[in-house]
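Paired with subunit B in one complex and with subunit C in the other, subunit A is shared by the two complexes that follow.
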Partner chain A sequence: MKNICIILSLTLISGQALFSQKYFTRAGKVTFTSEAPLEKIEAANEKATSVLDAASGKMEFAVLIKAFQFEKALMQEHFNENYMESSTFPKAVFKGQIVNPSAVDFSKDGIYEVKVAGDMTIHGVTKTIEVPGKIRIERGEISASSVFELTVADFNIKIPAVVRENIAKTVAVSIDLNYELLKS
Partner chain B sequence: MKKILLFSLPVLLIGLTAAYFLYNKPHQKMENADVDMTVSAFDLFVEFDQNEAKANEKYLEKILLVEGKITDVSTNEEGHVSLTLKSSSDMFGVICQMDQLTEHERTDFTVGETVTLKGICTGMLMDVVLVRCVEV
Partner chain C sequence: MYRSALLLWLLCAVSALNAQDDLLSLLGDEEETTEYATAAFKTNRVINLHSLENTAAGVLDFKISHRFGMLNRGAYELFGLDAATIRIGGDYGITDRLMIGIGRSSFEKTYDGFVKFKLLRQSVGKRKMPVTAAIFASTAIQTLRWQNPDRENYFRSRLYYTFQLILGRKFSENISLQLSPTLVHRNLVEVASEANDVLALGGAGRIKLSKRIALNLEYIYVLPDQLAPGFGNSLSLGFDIETGGHVFQLHLTNSTSMIEKGFVTQNSGKWGDGGIHFGFNVSRVFTLKRQK
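What follows is the complex of A and B.
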């Protein structure tokens, strides 16, 4: 009886280990685009970090605001100093979870449509969002992507009336992550 | 009337020219940028690890000259090179993203060599991240 118990618990532990695999990246790409009548503004950041727990579908994501690179230096300056106040709020963080984790078979190649819901914190303001995403599995390599829109005013970011025609009220965010297996 | 026009036209022209140049102000050239502080990658990571808020205050947006031993070299799909410098942690370090606006003298870095880089500190996620780095 005792032996069975040990074997049983061992199988459970190893089973757990098999499914509780975590994936991470520290080179995630985030771009955003603001399309206003007078101006199109784009910025890119290639150093986002993310952790994905395959078993629970839990997902975390963080990006440094000052690491966004703009085409024009002045835009970058205004973005950091006036709008994002990145010295006070250096990061944007998302903590959430795949709503339909059963839709993804991590052991089988394919592209799976998922929904991710959770708390997005930007400019010190946290808002619950739900966005569509894709998880792609190819020969054991996992990558994830998502395109969604964020409303600037939701995060208490004020755009002065003079530049209303230059900066869009909603920006399109695009995320590309190539995960690696987290060896622990 | 004519006088007003004669006077205001140059003012307007100067204003427009100034606005144009301000709008198109180029990004800072990293090769020539002045260094704000010199610190080893190891110490930089320790400071962020121990007190992130304090380190943010000290280093955020500053141009740092960091020296460290390369533990990882990676090139992304667009060919942009990033180096990770050794820290007190086994898993994390100081990531230096090489500047995309600079023509680098060399991009073939190897793990284990010691480098000195100049870059802008943007803060810490899991690693401390420096962007727009150039080798010195």
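What follows is the complex of A and C.
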């Protein structure tokens, strides 16, 4: 009886370990583009961190705002100083969940269309979003990508009248993450 | 026995619960990076003085600086608006720490060139540095016609040199302060009571009033017995207004000249007598070399 109990428990633990395989990256790529009548602004950040829990479909990512690189130094300064206030709000964080985790077979190669929903926190404001994404599995390697739009005003970021023609009200965000297995 | 199994099962359940909690914390602490303080001042000048900031690498900052006449000229000259002194110049960032600039002032028809290098940069994180320090050196060439062309005149009599240490700190998002010990060397002075080497201490600060507007104040104290009679210390008060690529600096100052050699040693205006100029600097940046 004792043995059965132990075996049962062990099975439970190992089972859990098997299904709760987690993947991570520290070099996720996040870019955004603002297309306004007078100016096109692009910035890229290649230091996003993310963890994906394959079993539950939960995913999180965090982006350091100051790590966004612009082609013009002054844009970068204004982005941090005037718009994102990155000294006060250093990170953008997303905590969410793949809405249809059953659509993804992590053990089989392929490209799976998913929907991800969760809370996006930018500039200290949290907003629930749902965005489409793709999970690609190739020889056990997992990568995820998504393209979606965010409305600047939703995150309490004000665009003054003088630069209304230079900064778009919505920006296109694109995310590319190449996951590695998280060994715990 | 049954209990121990239950305990194990509970343990599993608890660990499973924990796993749901915060996925990112599984990654542990992030690698610490060095974070440099940025934008202690909105542009590389406070008002007349050079600020803690440099023009970024690959960026040309085109500057038009303008001082109207003195307010005490009265209504006949529309309180100084009829007269104008101007400096047109360009500053360029060779690297984020090294900047050069040239300019031409209408005041005494003077050309100037300078080099400014950041020795230390205020930072937190991996590398901690409480202050920013920069060195600044400039040469000015006055090109007025010789007052007395009949005597032998030397080109070197037209030359002026300035050396300055700029030391300061961005104390908070809104408050930055700096000290600027300065030495101005004049090859030729008019009267014997004037020193060839003038030592001065500048102090400047800014308070941000909003994201795009800042209030600046600067004062330059010249150590006694170095200037010709009638010349005094420089005091300036102004606002920075930033709109995307431009910074407009509007100010009141008793200095007529906009370069060190002038605003440290040649201030005839006195605030108490209305000997002050309304003036502005307009800075427009052009990115000549894009960042990667």
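The rule we apply is simple: the second predicted complex is superposed on the first by the 184 of 184 C-alpha atoms of A that agree within 3 Å, B and C clash if a C-alpha of one lies under 4 Å from a C-alpha of the other, contacts with A are read in each partner's own complex, and residues count from 1 in each chain.
Here is the rule we go by: contacts are C-beta pairs under 8 Å (C-beta built on N, C-alpha and C of every residue); 3 or more make two chains touch, one makes a residue touch a chain.
All values derive from a computational prediction rather than experimental measurement.
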item: Fit or clash - subunit C, subunit B, common subunit A; value: clash
item: Touching partner for A:60 - first (subunit B), second (subunit C), both, neither; value: second
item: First (subunit B), second (subunit C), both or neither touched by A:27; value: first
item: Touched partner set for A:163, first subunit B, second subunit C, both or neither; value: second
item: Partner chain in contact with A:82 - subunit B first, subunit C second, else both or neither; value: second
item: Dominant toucher of subunit A (residue count), subunit B or subunit C; value: C
item: Touched partner set for A:74, first subunit B, second subunit C, both or neither; value: both
item: First (subunit B), second (subunit C), both or neither touched by A:132; value: neither
item: Partner chain in contact with A:110 - subunit B first, subunit C second, else both or neither; value: neither
item: Superposition clash, subunit C against subunit B - the stretch among 4-12, 76-84, 94-102 or 166-174 that is involved; value: 94-102
item: Subunit A positions touched by subunit B in one structure and by subunit C in the second; value: 26, 49, 62, 66, 69, 72-74, 76, 80, 87
item: Footprint of subunit C on subunit A - complex, ascending; value: 1-2, 5-6, 8-9, 12-13, 16, 20, 22, 24, 26, 49-53, 56, 58-62, 66, 69-74, 76-78, 80-82, 87-88, 93, 95, 160, 162-163, 166, 182, 184
item: Residues of subunit B defined as touching subunit A within the complex; value: 22-28, 56, 60-61, 74, 76, 80, 82, 95, 97, 100, 120, 122-123, 125-127, 129, 131-132
item: Parts of subunit C lying in touch with subunit A, wherever the complex brings them together; value: 1-2, 4-5, 8-9, 12, 15-16, 19-20, 22-24, 26-27, 30, 35, 38-39, 56-59, 173, 211-212, 243-245, 285, 287, 290-292
item: Footprint of subunit B on subunit A - complex, ascending; value: 26-27, 29, 46-49, 62-67, 69, 72-74, 76, 80, 86-87, 90-91
